[in-house]
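Let me begin by presenting the structure, written as structure tokens, before commenting on it.
The first chain written gets the first letter, and so on, giving A, B, C and D; residue counts start at 1 in each chain.
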Amino acid sequence: MKYIKKELLKRQIKHIDIKKFDSKSLIDSFEDMAFQSRNLARACEIYDKMLQDKDCTIMLCLAGSLVSAGLKKIIIDLIENNMVDVIVSTGAIVVDQDFFEGLGFNHYRGFVQADDNQLRELMIDRIYDTFIDEKDLRKCDMTAKRIADSMKPGIYSSREFINEMGKYLNKNGKNPESFVLAAYKKEFPIFCPAFSDSSAGFGLVFHQVQKKDSSIAIDSVKDFRELTKLKVKSKETGIIMIGGGVPKNFVQDTVVAADILGVDTPMHKYAIQLTVADEREGALSGSTLKEANSWGKVDSGLEQMVFGEATITFPLLASHAYHKGSWKDRKTKELNQVFPN
Amino acid sequence: MKYIKKELLKRQIKHIDIKKFDSKSLIDSFEDMAFQSRNLARACEIYDKMLQDKDCTIMLCLAGSLVSAGLKKIIIDLIENNMVDVIVSTGAIVVDQDFFEGLGFNHYRGFVQADDNQLRELMIDRIYDTFIDEKDLRKCDMTAKRIADSMKPGIYSSREFINEMGKYLNKNGKNPESFVLAAYKKEFPIFCPAFSDSSAGFGLVFHQVQKKDSSIAIDSVKDFRELTKLKVKSKETGIIMIGGGVPKNFVQDTVVAADILGVDTPMHKYAIQLTVADEREGALSGSTLKEANSWGKVDSGLEQMVFGEATITFPLLASHAYHKGSWKDRKTKELNQVFPN
Amino acid sequence: MKYIKKELLKRQIKHIDIKKFDSKSLIDSFEDMAFQSRNLARACEIYDKMLQDKDCTIMLCLAGSLVSAGLKKIIIDLIENNMVDVIVSTGAIVVDQDFFEGLGFNHYRGFVQADDNQLRELMIDRIYDTFIDEKDLRKCDMTAKRIADSMKPGIYSSREFINEMGKYLNKNGKNPESFVLAAYKKEFPIFCPAFSDSSAGFGLVFHQVQKKDSSIAIDSVKDFRELTKLKVKSKETGIIMIGGGVPKNFVQDTVVAADILGVDTPMHKYAIQLTVADEREGALSGSTLKEANSWGKVDSGLEQMVFGEATITFPLLASHAYHKGSWKDRKTKELNQVFPN
Amino acid sequence: MKYIKKELLKRQIKHIDIKKFDSKSLIDSFEDMAFQSRNLARACEIYDKMLQDKDCTIMLCLAGSLVSAGLKKIIIDLIENNMVDVIVSTGAIVVDQDFFEGLGFNHYRGFVQADDNQLRELMIDRIYDTFIDEKDLRKCDMTAKRIADSMKPGIYSSREFINEMGKYLNKNGKNPESFVLAAYKKEFPIFCPAFSDSSAGFGLVFHQVQKKDSSIAIDSVKDFRELTKLKVKSKETGIIMIGGGVPKNFVQDTVVAADILGVDTPMHKYAIQLTVADEREGALSGSTLKEANSWGKVDSGLEQMVFGEATITFPLLASHAYHKGSWKDRKTKELNQVFPN
């Protein structure tokens, strides 16, 4: 069967709205059950504790194809309602997916058993069961380049660059539903420790090749320095990890970084992770939060891992926290202001 | 820390009630997302199609510790509201868990990091994060023995024995919330193809050792014969598999069994499976439903696997079907009446 | 592309020979490493301890498509060299795969991305990346029927029926490489607690439908009774589990069954499991052997789970044990003789 | 039980030596089997094809705790025998594990069920079943700082910094078994796209805080630029991925980066991945190499994923390639020389 590009890119991914359904009664039932349902209920309980703790800065770690999968609006709601204070993410989520949609492009419902050869010929990229127009992605890459071109040459953290992306969307965006934009408006910091591993990476390489000595650089050490500063400024911290990867490690490491700088900082007091990674392979993504305790990174007692895929578990967690309403007493932290311009 | 039995067996597992929350709007959102959320939405859609199909007999396959985990009431609701017509299960779910609770015993919230040596000394059995009083289980074993003792010596299918268990509960049960009881009252057939791999197995071994030649036998061939008869009597069939194991294989095989008996029977028209098993290991539990198509067991087109743990996915699936209401036009099939006494 | 049956069924699966490679130095290195390599090394060490323990009866549990995947010769070698004393298996491995090959039929190298619709039309069955001629399987079913027809009406354990299958192969087999045959010759017991969930099930259903009152029955309670008898007769026991499922549960339960019969029997002293099942789902296949300790089934100290797929891990384990040679001092136990004819 | 630090850090992890065992006959058997054994055999075959292809630059991607698990010597052998030409890795493997051991520190055999609170008090870090002395790690952090202090202020790629680390080991190392050192000696490039997510990150943050404007920066865009240059310079490329994460994505992206720079570069012709990540979660680590084909990153035909944990599969793969010997005709590429000093 021959594919027709227009037919394949027809049905857009739509983003779930946690305000429109209330998972509270479901989570309440989960509490008295077993296995992952109970684990999820406990994660909800811990998240609520974070929201109630006035001293707690909440860090959201994002890994996996979350925005292309329809979870963007959740992240926006968490930012806008002061339900999280910082984001640490993979580059793909921030640039290829959220910023990309902010530019007016879309993700489409595809199918797993696709003929990838044909897709390639049509310039359709596949993420499991989701399709993307490669041409749109190229425009996204080039927008990142143009943003870099417009910046003063120098060394930036990914946070600073992402803030520029937000500024760009604020002026030129085609779709107001973007968490990069929402963050920009609220002085909310977003970090991508492996930033060039994204659509922006393509644009930035092109930028550097063209501009040579008058180009910008993205210094991941600066990221680490800035994030550690936020950790140090916070009385207590809690982390919500969707998936594992670099964001999980990076955020946990800030405790140690602070210590090395001679600042006495408590471990992350609260920690929850939604993941399908397996502890038994010995890799970090699936490593238990108890193990992180041995490293002095995560306190024991208020930590919980939930084994399940995030498109199902994250909406349930976020809806519970939203409708429970403990965020209503939280203030916007505007943490970008911690850093000098 | 020394464990105290009473302290450990304090907080009972409670069963989730799909009538008390409505997952419809959540599932509707999942439909336009990706990965497992979309797969779950499609599974819900296929289940609803089964319920709408007047010609369809719906077979529910159960594996994993589902009742001890708080999913019992769902199964009861599915039976009482004619949302399924037959159950094929592991023995543990039927005897050690459901019948056990029907006798008035309970499962308790435990914890994963327990000291299993101490538990053993206290005669507390652990299922991941759930505790059971071994003494209660022994009483359950012995009840199975007494039921066997009271039956006419001969060869029985597991279905016949389970029906006797339902009859027993009807008279002597201490907790009316039991799907074995609900099935008994509705002439609803339940099969356990590996029946002696359960608490009943202990009782039946004791029964045979005592009664010798005047004992009963549980013939799994008779199970297969009876289940095939149900398959043959049904114009169309749909299967809902929670977990994999023997129930999955057994139900699928009825198509081939019918064929061998010379009866032309269609493949299972609808098939959904909620599982965490992995296709890549080559075992049956994780084998795809498309693979089952090569065997002529499951039709292609209306089949869907959902990768996720059942304590989260099964309530969402069942609540959707319940509140959608397509079951309201279905009749009780009373399939036990297909078999002569 | 149109499939041609002959082309698809061309390249036979061949069975790995543990005598032809020596994994000892590899396993020795694994011992000082981490994660699953070290776990596998420890499992090898425990298996060797079982082989050295004169009082230990070794039970091998088999689940998953092991013989179709090329692991048959290992099982034969384990039987012939007195490296195991009893087998508890799923029906598919014993009948559809081993007995099937003993009749002269074969499994073939296939591919995962096959068009299952076309396969069905050609009567080719697929197991992940392996193909089988459905016509051959039907002949296997009918052979099981003929064996049943030839037996005296009555109630049998699966072990007794499998012994008849071995006797049949001894006379009429076309391929001497069969562990059912090897077991028959050595009075070695094989149990399938869910026996009718196999190719034999089809034959037996047909047999019962034809023969009616003069047919045989397969009583899984008798299986349990016999296996418990073996447990009771053994001073110590060790279990090697490839995969999980019913065999894992069944063998572990014999300790409890003995207890219920009033016989004081020790827990299984040694236990190793090679599996990819996940503890976190709460199902039995992935449940830890420490959890089994809480049930009083498996002793703590000499148990080890290895997370890995059996086509890679089982050959390494078995080759290590073979070349280490501790089996050389073991005797054939001929455990079938424990049961009266 | 109270832990004693010295007792816990007693038994060192030792690195497996692929030269000391020959997996060829095992892999040959795997070829005619099924499931993951056959997949591994095919991966070996593809790797051998890469080694025979004179035009092919081989890129090794590393993620997961590979060196702490005993796989270091394999990586050294691959470098020294020209079996790979570039490495892209997570920071932990390069700095916290390999460089760390080069400084004379060790990893130790620990155990999974450890009391993490006690470990933390003793400053012992746990990776699943492995222990590390946190004090040693701190010295490693500070060594990274000293290296940074000694460098001319400016913007560096991670490759340049890692080369400095190799130079440092060459002068001051305590253990010659280090792949960072081996790479340094052979002008062999190693990239860490998320470099500050490592022990070096701690040192570099300290360095920047102290040195302020006269500090160095690690520009991940420069990494991407350099790696893309290597891709462009290579006629053909093959990638071997151990685990997933950023390295997997980064290397695959070079094809697109080249395209964006206007250079017509072929897709990666060969690709193999050893992983336990699951395709069904939709994340990149488990995404199939066929999916990467839709993105125009990996050519179809010569790609293979193997589902299995690397401590078992990587030694088998590497030993096969080593003993097969196709690397003997390959030359050292000294790819660091592609970049101006």
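The definition used in the following text is that contacts are C-beta pairs under 8 Å (C-beta built on N, C-alpha and C of every residue); 3 or more make two chains touch, one makes a residue touch a chain.
Just so we're clear, the structure is a prediction, and the values are computed from it rather than from any experiment.
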Components of the interchain contact network lacking subunit A: one piece
Equivalent interface positions on subunit C and subunit D, same or different at half: same
Label of the chain whose CA centroid is most distant from the centroid of subunit A: C
Contact-richer chain pair (by C-beta pairs counted) among A-C and A-D: A-D
Rounded Å distance between subunit A and subunit C, as computed from the means of their C-alpha atoms: 47
Centre distance in Å when subunit C and subunit D are each reduced to the mean of their C-alpha atoms: 39
Inter-centroid spacing, subunit D versus subunit A (mean Cα positions, whole Å): 25
Junction residues of subunit C, two or more chains touched: 34-36, 65, 69, 127-130, 278, 280-282, 307, 309, 311
Touch-based graph of the chains, sorted into line, ring, star, complete or other: complete
Footprint of subunit D on subunit B - complex, ascending: 34-36, 278, 280-282, 307
In the complex, subunit D residues that touch subunit C: 11-17, 20-21, 23, 25-26, 29-30, 32-38, 40, 65, 68-71, 107, 109, 127-130, 307-309, 311-313, 315-316
Residue ranges of subunit D in contact with subunit A within the complex: 63-65, 69, 90, 92, 114, 116-117, 119-120, 123-130, 134, 138, 141, 155, 193-197, 201-209, 217-225, 228, 243, 245-246, 249-250, 253, 256-257, 260-261, 276-285, 287, 290-291, 293-296, 300, 309-311
